[in-house]
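For reference, the structure discussed in these notes is given below.
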């Protein structure tokens, strides 16, 4: 018989609410990949495996429907199914942050409400896209979203997908101080901006939880100051990230750097596919590696992303073998 | 008693199907603005006025839910309402192209089916956004969309909203030759690319209807070769665009240039608002002008776009008065 | 005995000054290519041929040391040699505009003075590069240059080589009104900006001569209004450009469009080389075509630009043959 | 009486050559500002003060004529004067790396030879600019430069000034392996690229000395691995950078982070000027601070960079006072 907490998201959330728990949002929240069957439909069994793989690997939480989860390619119905399935399988073991990527606030709020109903403990929201807005309008976008949903909101700073739009540290800390956002996922690759964000957040009394989207410089980001990380590559190797996190947060920098360098040599898989688009390259390499490692049934990505050529799969495999990830 | 053709989109489409009509998609298809009440809800009465204003002004068709229609800010439900209302009011007098802006093919197909059900005679589709794709993947994106909907598909080339993604002429003509797309709306601002598209389309037997999104160089675009235009500013002054179209397509270039220069002096309204985001500037100026001209009840834009300061409204008004549009 | 006007630039300029002539700067000013010997040294004989080819082909002036002249790859000494040689060969038959590309005003002034001494009738100057400046600083840059040289200054708007820096129409017309600049060479590819520049210049009493750097839409630019054009491809086919210019400026638009379309089919040579950098592609195609047409002794480009592979040369040749340029 | 080694650059270099010294290029090489008199001429006395300030502050070397040295605004003659003066004053106490910024290889070689004659121990060279080149052409650019000068060449990766051109780690390590370049100054702000460069350089036997151009994340860069740093802000506060370097390189990360955070609070001066161009903002703030600290006679920048408004000077001063740099 299923326990109450994993039978349905509604009950789980009621239970959490009753005990006044609120997730602390700290540590590693990998963006969960969305495995597909060969026919392109979502492979919920593999998805369940991935959830266990991640939680058993020591992850502190899960980031559902991130860019790595190929959220852009999923219909609204599929998004709800993915959240629901992950919430069921996670069964309250770790908190869930859920990406609610859509063009503008009115649409994000709809995504957010569905996400909360399906089990989100917090939602992750970008600046508007397709729309063209300036800084104050973007700040109001977050205010509108926060007013429309009932869980903490994280701002997701991801210029590479948003035509270069970057969230200013001043704005983020202001929104944190207002209680509009609870944290930031920084995938901007702008380490100066990040360092200023850390400093300004600290000066403001740390209203924000700061997460980095980096995979290759997590040791450095912990050194600079962060509350968590969202490394897509943790889908492949969660254990090393957890060891890195534990070493870095305990001040054992030699070990942290060493682990980071080991992870980076594994992460070279993403530089192996050639001549593909951004999503087919990086996320394709992740899925290919996970398939080779037996974690998911197929490396299939959503249409129109093509299958990876055998030669590139071989190159990915070579990295996995060379680094000892694949025996 | 309503005539059958304007009572409901279904009937209208049935009727069209029965008579084997298919729109020729030629001439001016202005992107219809979406008027709002002061409280932010859609002002369907004003929307109806705008439809009449445009059709009475000589427009050959309507482009519903374009960027100018603030499509990015509307929920899926609102999008359907807008199409439905415009289809009812247009009542088959002109064809409707409907923008189905969404991130990827699976989502666009859903938008497209709803649009067709609500009265679209053709749909307008951009490259994927938020997603990161290369050229062949983008071509497949259009193939997936076309396979999923039952009306002609226009490709919408709008790099400014898509992080700089530009649709290559070669790809567009290839998709035209395959029967995947029926036309292109070019808002790229790349006149060399456009000229090559015209030449390649002609060499391929003109499978594509070529529309320009320009407002200020329509005379030149007709000279270079086009099948139509989608000028947002035609919401303000449709009659001048129609006269320009008629002059240019009949070879009266002196008149065409003169009309274009007059339109351009009116179009200066979009350079008047200062310190606002892209949508609040250009579309804000359109709505402000339409409000001043009595065409819509309010210049209100969707949240988080702010109201235009009185000073900028005055500057817009001054242009309208100075050019004789507003008496 | 040499006539005074072609014996030396100094005399020529004295002569001009005495008769109070000042060039009108109107019509076609092709950017002269800089031919090289196979060993990379400047081929002054071929350069002389090119000058005759252009002047005999009906060009109204010459633009020396433009981007097409590979100015960036030439040392200061070579630049002077090129100007001197062209001035000697042109022998006052047409005016010379000379590009003085350098990073900032102090350096441009030095380039400009050398250019004037070597025979320039006017100089062409970009915004600063490598340096990072805003609009008012860029305006002052032009003011500094104009104060430091004794010939008319043309502003060269070429964002593709300047990290996207675009010269604003308002600034250009202001500088024209001040007498700082005499004209603009617009290679921005921004036709809306160009159209506004035409309108604002006209409203200000036409202080500026407006030249377009376009090759493929010259008919349209004449329609919109211009005083001249700087088509690099005129090095290959000056006669067609002259016929286009004459047709368009006399209002024979059908002929103008037809000539433009013929030119554009020839211009497809620049889309044939693959996998090369920008300069090796476009300028490489020009030089290859000129070599195939017997106008220059070698298609060689300055180091590090590589020789064009035989396959791409063949593709260029095929275009030339197919369009009838090469018998 | 002056010692032989500081009387003239020629002798100094002969002396160095004779003793077979070659600089190790390690540690902090601040990019020396170029102080100006109020009339815009170079203030060589202040320049001498700055050299002593930096060497006395513990700097391991000097980077002459970097972007911070406003190299783009100096004529060729001024560049030589600056190198000569710094070489005289440094008098062999520390090695000199000299920036040879120019458009293409032929021009850079000329800059490089002048720099070597004036006292450079190594030169710093960017990818071509104004020119448009691809990766292999850029690699050949460095090969041409290295073949033309007689001192070690550092590649300077500075996309923000080069229209976004980024030097690939693979190319840099390849050039290092070939002996073409001796090191890299990375000002790309791309920490993932930098981390890969560190890894690839190490795997290749460390042919390259890796310097970072960062000011705000030097602790993190040392953690990731580097041989040196080029912080412009060290002109203002060299001592703190030296303490940071010593702490970080000895593994005292708590101290390193604490010093970095102190430096960063000082570095906020560069975010105080408003509405100015890039050079007038950052370098203007440096010069203003140095002037307030009595290190240079004037905060003057080269034309057309404007004087900083009193309000912004006050804001800079406030930071200096607030952080204790200015008593």
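We just call them A, B, C and D in the order they show up, numbering each chain from 1.
Simple rule for what comes next: a residue touches a chain if its C-beta (ideal position, glycine included) is under 8 Å from a C-beta of that chain, and two chains touch if they have at least 3 such contacts.
For clarity, every value in this text was computed on a predicted model and none was experimentally measured.
Looking at chain A and chain D, not one chain touches each of them.
Under the contact definition, chain A and chain B share no contacting chain. For chain D, the chain with the farthest CA centroid is B.
The centroid of the Cα atoms in chain B and the matching centroid in chain C are 38 Å apart.
Chain A and chain C have CA centres that are 51 Å apart.
None of the residues of chain B touches two or more other chains.
Every pair of chains meeting the touch criterion is listed here: A-B, A-D, B-C, C-D.
Of all the residues in chain D, the ones that touch chain A in their complex are 189-192, 195-196, 199, 214-217, 219-221, 223-224, 251, 253-254, 257, 261, 264-265. Within the complex, the chain A residues that touch chain B are 67, 72-76, 78, 101, 103-107, 110, 128-134, 136-138, 140-141, 143-144, 160-164, 275-280, 302-306.
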